[in-house]
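Got a structure for you, written out below as structure tokens; questions coming shortly.
Every chain is named by a letter (A, B and C) in the order it is written, and numbering of its residues begins at 1.
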Amino acid sequence: MTTARVRAHRRLQAFRVVVLTVLGLFFLVPLGSMAAYSVRVPAGGRTLDFWRQLGQDPDLRGAIVTSLELSLLTVVLMLVLLVPTMVWVRLRVPGMSRIVEFLCLLPLTIPAIVLVVGLKGVYAWVTYFLGDSSLTLTFAYVVLVLPYAYRSIDAGLASIDVVTLSEAARGLGAGWFTVITRIIVPNIGAALLSAAFISVALVLGEFTLASLLSYTNLQVVINLLGKSDSQTSVAASLASLVFAFVLLILLSLVGRRRGARRTAPALDLMAPPVAKEG
Amino acid sequence: MIATSTGAREGLEVRLEDLRRRFGTVTALDGLSLTLAPGELVALLGPSGCGKTTALRIVAGLDEPDSGRVVVGDRDVTDVSANKRDMGMVFQAYSLFPHMTAQQNVEFGLKLRGHDSTRRRARAGEVLDLVGLSSQKDKYAGQMSGGQQQRVALARALAIEPSVLLLDEPLSALDAKVRAQLRDEIRRVQLEVGTTTLFVTHDQEEALAIADRVGVMSQGRLEQLDAPEALYSRPGSAFVASFVGLMNRVPCEVQGGRATLLGTSVTTLDGSVHGGRGVALVRPEQVQVAAGGDDATVVHISFLGSFSRVTARLVEGTELIVQTPSATVQDLRIGDRVGLSLLADDLLVSATTD
Amino acid sequence: MSRGVRRLVPVLGLVPFLGYLTIFLLIPTVSVVVGAFVEKDRASLSNIRALGDEVVLRTLWRSIELSAESAIIGAVLGALLAYAVVTGRPDGTLRRSVTSACGVLAQFGGVTLAFAFIATLGFSGVVTEAGRDVLGVDLFGSGWLFGLKGLTLVYTYFQIPLMVIVFLPSLDGMRSQWREAAESLGASTWQFWRYVAGPLLLPAFLGSTLLLFANAFAAYATAAALVSQGSPILPLLIRNALTSEIVLGQSHLAFALALDMIVVVVVVMTMYALLLRRTSRWLR
């Protein structure tokens, strides 16, 4: 007996299978193609030469190192700037929390290409004071990762009682520095970790600021390489992609383990979850 | 008069015949049969997970039985889809369409039936009046209290003049006071419109207060279907007895259709064990307590206003709860020896094992 | 210390943060706005006037077209995917893996994404060659991948996952009681979608589409890596204005173009916020 309800159920299942298969292919085929493309030999057969090239090409190696250094510096500066500020706001100046939140989420609505136009002038001064090392990009990258880092840390702080914890510690004679480093930070470890992960993933994929401010990082070099040696550049793309995927998947695991995350950030009006591409 | 304008009409008979439904390994309904007389309100009562919701959803057409039939009037509706069944349904909570006002919610079913807007507005006005909410008709669900929302849900279900009204724990999300008030209101409205109604609840007080007859379910089956007083005073099984109201379990000796306990011999009800040892099921108000006897020791006394509950321990250790007018226990103290006597003529005696 | 000073101390704790953001976020943003009204170190409207130039207008229009197309395609397909996911088990593996994958893929853009599609559908891409060898069809054509059509396709790759992320909570907010109540009141499936689900989801759907629009409109890296010649869209025209000294006779055109982008994004995001405020009231 096939009743209307059974038929409707079957229709729904068929719809789901079709949607998931078609879109699954759409997402997997480019990734598979990259892998195939990076090991292809024009005459036929396969080779890992282009992958070996990743470790050998001096430009590429230099760029990988630069990007890793940039990620590290960005994470450190972001944490140093954001954690004390956010804790301080919660403890002493809660009236400023809306303003801090607004500033932190502002970069989401300002396209990177717009920011770069305004940053040109600022970077003239940065170069004047600090030289023209690519590592100075750190300053701009902290701004780029700010919204994402802010959300993670905010969720972390919301899940502990900052005020009570620090009052207890202060009562025992701890200074502010001790409160932040010994009491707060250990309690929001997972949040800091996820803030760091997303920052690293974003910095490794960043192209707009680096290329238009005339610095080199991994993506800039990959892009250049694409003109001369497309197979190595695709291998490098895939490698950086896999690395970022792993980071972001670790991130989602950290997020899940934390359990009591604040719900539905996607419906947060102040914080449209715009994805930042490169 | 409201009653005439809302078209109180003859209710229809509703028959659930041997319904069975399994979910994987769980048997939700295990041969449920139940007949509702025209215009009757039957409350389905039972512990959580016994299949009440499943039964109701099958009647509504929102779920299908593996076997069995649902018959309304003389029409077999088992294979009729929910939107053609013409049944009004009220859910536990949150069922109002949040983007429509109370009035629009009530008009929705009429709109689907192609009624023009004048007629819809008039009818919605009538039913909102009936549930006492005409002043709130332009509010959205988010702007109303839980009780008001449930009234609108009831009005919405009634607006289409359904042949059957189905309510699934419509009051369980409300607080105690609103619950009692709305319960009486639902009963009043139901009597006024005369629609055959199935009311699911796990609250026995609610079931006894509102229903013409109460069906007690257990593990997908109907244990007993009876008028509230009958269910209370003559439970058909130990399960029903202990599920409905407070019940003492007193060990006794059964012989030849009579049980002996507390020094009294009483007739056993149908369904009792036939001989040997058993457990008599005794209501707290079926026992009388008297100072100066030697049957039991007072362990606890709780004062409940005009009544008090005395907990007394029998010599062999069984504890018994006795409900009695507060005036009779004024002089009792914990530790006093008291005499107990049975006021019942007949009791249900179940086997000692269950 | 006087009372007033002491009350200021807590606020002083924010000075490093505020100072940093002033230099690296506020000054750049303000300088874009101000710079749009400067030419050759003097106040001037010539850059703003240049926005009315036919080349700029056509580029702006193409940008809007690209963003709208990729937003609509992404929104429709993303909504279908989100629906396929929510109709499964809420704690099932499918749902978890799809949402995780979407979280990752929505971030996937820029050079690597461009190269992924070059490796797939470029002149010697894997799929292009397979098409040539196996089916005998030329998928590469005249290089459509490197034009607006190609950009639309490539953008869809991060738009669909983004749609899933932003639209899923709204679908989750739909209660089964609404469907069942509608059904028992006599609604057919079509009527349920027409009168209940549709109106309830529409604001969230439109809002999400606007968000996707802003996302595509702001995207630069993917297009920069894919399109090396010409400036078919606004971000690439800004690149052009930044790298060559004078464009359309203006030295500060990049500022005016950037202002143009800010205006569009702010308008779109405001509409987004308004629409979302409406649904969040219903779908709690």
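Rule of thumb we're sticking to: contacts are C-beta pairs under 8 Å (C-beta built on N, C-alpha and C of every residue); 3 or more make two chains touch, one makes a residue touch a chain.
Computed from a predicted structure; not experimentally measured.
Viewed as a contact network, the protein chains are fully connected, with every chain touching every other.
At the far end from chain A, in terms of centres built from Cα atoms, lies B.
Look at where the CA atoms of chain A average out and do the same for chain B: the two points lie 57 Å apart.
Centroid to centroid, with C-alpha atoms defining each point, chain A and chain C lie 17 Å apart.
By the touch criterion stated above, chain C contacts chain A in their complex at residues 10-11, 13-14, 16-18, 20-21, 23-25, 27-32, 35, 77, 80-81, 83-84, 87-88, 94, 98, 100-101, 103-113, 115-120, 125-127, 157-158, 160-162, 165-166, 168-170, 189, 211, 214-215, 217-222, 224-225, 228, 235, 238-239, 242-243, 254-255, 257-258, 261-262, 265-266, 269, 272-273, 276-277, 279-280. Chain B contributes residues 63-64, 79, 81 to its touches with chain A in the complex.
Contacts from chain A toward chain B in the complex involve residues 3-6. Put simply, chain C touches chain B in their complex at residues 175, 177-178, 180-188, 191, 195-196, 199-200, 281-284. Note for the complex: chain B touches chain C at residues 60-62, 82-89, 91, 93-99, 108-109, 111-113, 142, 153, 156-157, 160, 166.
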